[in-house]
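Here the chain labels run A, B, C and D in written order, and each chain numbers its own residues starting at 1.
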Amino acid sequence: MSMQIEQRGRVLPYVHAIREALAQEMKADPSVFVFGLDVDDHKGIQGSTMGLVDEFGAERVFTTPLSEDAMTGAAIGAAMTGMRPVHVHIRMDFMMLAMNQLVNMAAKTHYMYGGAFNVPLVVRSMIGKSWGQGAQHSQGLHAMFAHVPGLKVVAPSNAYDVKGCLIEAIRDNNPVVFMEHRLLYFTEAFVPEESYTVPFGKGRIHGADGEAAADVTLVGVSNMVLECLRTKEILAETGVRCEVVDPISIRPLDFDTIAESARRTGRVIIVDNAWVDFGTSAEIAARIAENDDLRHVQIRRMGYAPTTCPTTPWLEKEFYPNPATIAEAAYALVHPDKPGLSVAPEKVELAYQAQFRGPF
Amino acid sequence: MLYDPGIPRGTALSSENVNIARLYRGLQYVRRVEESVAEIYPSDKIKSPVHLSIGQEAASVAVCDVLEQTDYVSGTYRGHALYLAKGGSLKGMLAEMYGKSGGAAGGKGGSMHLVSQEANVLGASAVVGTNIPIATGAALSMKMQKNGRIVACFFGDGSTEEGAFAESLNFAALKKLPILFVCENNFYAIHEPLSARWATNRLCERVATYGIPTTLIDDDDVLKMHDAARQAVDSIRAGNGPAFIEYQAYRLREHVGPNEDFNQGYRHEDEAAVWRGRDQVARLSEMIDPEERARIDADIETEIDAAVDFAESSPAPAIEELYRHVYAD
Amino acid sequence: MSMQIEQRGRVLPYVHAIREALAQEMKADPSVFVFGLDVDDHKGIQGSTMGLVDEFGAERVFTTPLSEDAMTGAAIGAAMTGMRPVHVHIRMDFMMLAMNQLVNMAAKTHYMYGGAFNVPLVVRSMIGKSWGQGAQHSQGLHAMFAHVPGLKVVAPSNAYDVKGCLIEAIRDNNPVVFMEHRLLYFTEAFVPEESYTVPFGKGRIHGADGEAAADVTLVGVSNMVLECLRTKEILAETGVRCEVVDPISIRPLDFDTIAESARRTGRVIIVDNAWVDFGTSAEIAARIAENDDLRHVQIRRMGYAPTTCPTTPWLEKEFYPNPATIAEAAYALVHPDKPGLSVAPEKVELAYQAQFRGPF
Amino acid sequence: MLYDPGIPRGTALSSENVNIARLYRGLQYVRRVEESVAEIYPSDKIKSPVHLSIGQEAASVAVCDVLEQTDYVSGTYRGHALYLAKGGSLKGMLAEMYGKSGGAAGGKGGSMHLVSQEANVLGASAVVGTNIPIATGAALSMKMQKNGRIVACFFGDGSTEEGAFAESLNFAALKKLPILFVCENNFYAIHEPLSARWATNRLCERVATYGIPTTLIDDDDVLKMHDAARQAVDSIRAGNGPAFIEYQAYRLREHVGPNEDFNQGYRHEDEAAVWRGRDQVARLSEMIDPEERARIDADIETEIDAAVDFAESSPAPAIEELYRHVYAD
């Protein structure tokens, strides 16, 4: 059963929802601290840690040397001995430097020590996009982490979920890879003022409008949820009805919600903010596929082009799925015999600019 | 777990009035446990690689003698000495090596990942160098909690080549963390000598450039080591930030496994002879009263026998255990 | 079209085939060199580099400091400037320390520099198993590498392929993650004496004996190919006929060969030497699933238990798929209505002990 | 590409007879190119972040003045100065920043990944510290090929905090690789000062413990830098292994982007004033004949204008280019 979102509180941008989650948890629990490169400067990780150092002091909010490997280990060591660190990377790409500590230590600690120690650690990072981010500042590498038992991976797509998931992550007694997206930072949603959690392993379905069953399920990951919601609007004009599934957490993965929608629509397109091959979209497709009673479901996957991300905008725009390419793929799946849909570019741009005000 | 004939551990002792009997007990205990492990090993009851510390027990024993029970230690796959010296359960260790449910990690970690919540052994890693940042983080935690505890972090000469070592030193010094770094330099990483791996041997000098006080113990002397540890721990507890000791000693057995390996060609028995001549177990055994020594030795054998019995009779883990501990509740 | 193997040359163990490939390429091309921890000691990476230092000298065969991150970068830099390094890790787990250089540099160099430089690099590593390898010495992490465009990933399962693939990898102008398995080292096959290559992106089918179509396709990765071959023998006694597919390379992946067998049998079990979730088995399942004309195919995945690898043999034996568990799964798939198969443990042990003598 | 009024590059010059006009030309060239980039930037024609070197051009210009064309250099996202000083095409650079097909990487790399096969610029990385091992590997390659070439590797103060820096130093020194490490210490990593990141400032001393000769240039002096580079390069070419220079200078613009940022609060204009007073472009401009200077300046403006024209008119890359270069043939 997928979750419904509450439509209460103020309309808040994603970035402020992150900041609010951090502040509320730091206030509630003195063992929570926030560290990582540049968390305490005047830009505050694009606003998401802004002012925390003033509120909680330099002992609980501090920058570090450029030493991602050791700082990750330090976070683990602190987590093993009573603290709840939130370690921040301004780009997910830099987490490759932390891979050994995350995969060989954080993920394994509780198990290989027979339960003697926990690692209540949150590793925040942001996926970048556009304006020349290029090869090394744009990667969504969540599948690598989701592959490893012992880690949890979350990718909230809106301000409501980002706050609730971050609080959930901080309170979780396991290492959580918390994945944000730069382009989501200024999207808005209703966000309750008080502290609340969004559980991991529960997705959401943004249903087709009206009563009739939808024609196709779009499963979006991270900001691709937004692109899928815009696709839904575009397709509505053509009479094609979509359900959009937001799994919210990647590991654990709420397969039941995906299966429920897939069973209904018989068609699934998984749109990931990552490479397709060996990615999250493969796992979701595989889970459908190994389910004998979902063998009627047609499955497609979309994501980054199978290339490195180029900086030039002329190539970069072909690198990502967008509401036009998603709509075209969905339309072709639903209407294989009709001439292909062609979406005007103006319609696509909206997806990046629209201020989402929930509920989703 | 360590033998204590009176003076409580953690009490300030100058090197003049260090409790020799207790140190001897600590050394002999580790030595005899590892010798027993080596004896058992050919039976294939220990279903795990073993990395013995025979010849280089003194660092762990001396440092742990100085630490409080509430202080933490962190070590490597060559971690029997540290685990035992800090007070980790011998039964838990042997059962762990046997892969039994009564093991320190319920059989999930084996010899390379000894851990003890009770004795504050933060665990041990088999990926070289990885425990250094973890220990550094534990020291950060102690400092943030202002609980007066410190962390002692042990690692081999090979660990110092990993970038995480330099990163950790800088961070620990920058934040004045309560951590003692102990490099157990046994001159080899597996079969590769320092000359194949280190541009120079100016390790202490390098560490000192971070503003960290350093001491070199170049002859495995347990009393010097004790003295250095005491000074370092006092300084760390006084809030002066990290300290570093390079402790040189010799691994008398093969890198992994129960045997000697001087027939392998990568190092020569002559080299070992120098270090055998410095053997600290033998040295201290002559410094204490023979009767007391006999009592200590007998106690140790009894303890080992009991632990072996425990390991033998501890049940194998139940299959469901495979799925436990992947995530903490 | 899957490849057939040649049945010529001597019977050679896998480990000697690796060594021979290295020696032949070093002889043929002075730009090839082999480095990495312990490649020059008297144990020579479990024999696979034994004696190379005597043959080619300490300038071309040398150990390094324990500095996997920088040594990987050094390999890349050497590869960019005219050399063909083979960098060796005795366990794949340690490659997590090299992740940043491999993902952010090696994979990206040719692309982000617009083709100005190549990275003809081979990174050899070995997956460990048993005798207390445990959490940090047992991981098959190939899916992480296969996720990244710019990298190639190969996992030869027998002595013939390991020689041919290694020569192919050394001659490739791209970074190749070359994955060996400890338990394969002493398996034997016919290996031609001369130099030869096995191309990437071409798998093999080890067909059902006789004429009738097989009942089920087993896709094995790395040493799981052997386990699948043993499964085939076990199942033959029950009348269930298997085809075993060995993809050999993971990226590029020869999906056509898998599809061809899947189409024939209608049932596929993918058996990976890795975790199932977000792993290579997901990618293979997804590729079948997104193929509308393979929707009749039933798909199952097997791999590591979704846990960290325990050291104790009592738990470790449950951690891995083996010919018994594979056979039982295959039997249940083929005969859903019959009582389940139960394979005697003696039959399983063979798979680890048997000396494979090709051709397979 | 560098202006050459007679004395060929790579010629041994003592600091007394260094070619001031050529150095001036090099500095002014980089400065003016970056000022032009900053002027163009608000037009959004440059669709890429820019990390300007204004104020810290001297290290690149001086070192490249000493290098041979066949030597390699390796740098970072703050790499315009290095790319230009080594002789990378200005047209290629600007077209790259415009994302055009005529760019150094065909538009795929942008400002942060400048590369030149012709000028032996090994590229530049936007993951801090990652170019250091790569450059070290190139030096290994030069040594193995015995071709007499060397590598100069540039990186910021922040890079030295990454473990890969320590690992690379050790390896380079161990293998006596022909590499010059140049740390461009501008006292900040983004907005974070050294005091938030370094336990001490004893960097040269630390590097020296690897047996690597070090020089500190603490005042941005291009002539001292030239002298240090000359000595280092001579020593490296003579087979003595790596050398290290810490070059201190000041980034006058914001970390990323075309503007000043003294209104942001993390550093003060007063700090900059000291460094502005040392401006090496201004200094050298007064050391050469005004007529020659005018000629040099005019040439540079012409070259920049031509490059801007080239970038503007270079076509956008064709869509198929997206799929090229993922794998080399």
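Some points to look at:
Please note the rule applied: a residue touches a chain if its C-beta (ideal position, glycine included) is under 8 Å from a C-beta of that chain, and two chains touch if they have at least 3 such contacts.
Everything quoted here is computed from the prediction, not taken from an experiment.
The chains that touch chain A as well as chain D are B, C. Here B-C and C-D were compared by C-beta pairs in contact; the pair with more is C-D. With chains reduced to the mean position of their C-alpha atoms, the one farthest from chain B is D. As a whole-number value, the distance joining the C-alpha centres of chain B and chain D reads 46 Å. Chain centres here are Cα means. That of chain B falls 37 Å from that of chain C. Here the CA centre of chain A is 32 Å from the CA centre of chain C. Remark: chain C and chain D have CA centroids separated by 42 Å (rounded to whole angstrom). In chain B, the residues that reach two or more other chains under the touch definition are 103, 107-109, 113, 125, 127, 161-164, 167, 170-171, 174, 197-198, 325-326.
Chain C has residues 64-65, 67, 69-70, 93-94, 96-97, 100, 104, 111-112, 134-136, 149-150, 306-308, 310 in contact with two or more other chains. On the chain D side of its complex with chain C, the touching residues are 72, 74, 103-109, 113, 115-117, 122-123, 125, 127, 130, 132-142, 144-145, 163-164, 167-168, 170-171, 174, 324-329. Taken together, the chain C residues at the contact with chain B in this complex read 37-38, 41-43, 62-70, 93-94, 96-97, 131-132, 134-137, 305-308, 310-315, 318-319.
Chain A makes touch with chain C in their complex at residues 69, 93-94, 96-97, 99-100, 103-104, 107-108, 111-112, 134-136, 139, 141, 143-144, 146-150, 251, 253, 274-275, 277-283, 285-286, 288-290, 292, 295-296, 298-301, 306-308, 310.
Chain contact summary for the complex, chain B toward chain D: residues 161-167, 169-174, 197-200, 202-203, 205-206, 209-212.
Taken together, the chain D residues at the contact with chain A in this complex read 47-49, 99-100, 103, 107-113, 125-129, 158-159, 161-163, 189-192, 196-198, 264-266, 316-317, 319, 321-323, 325-326.
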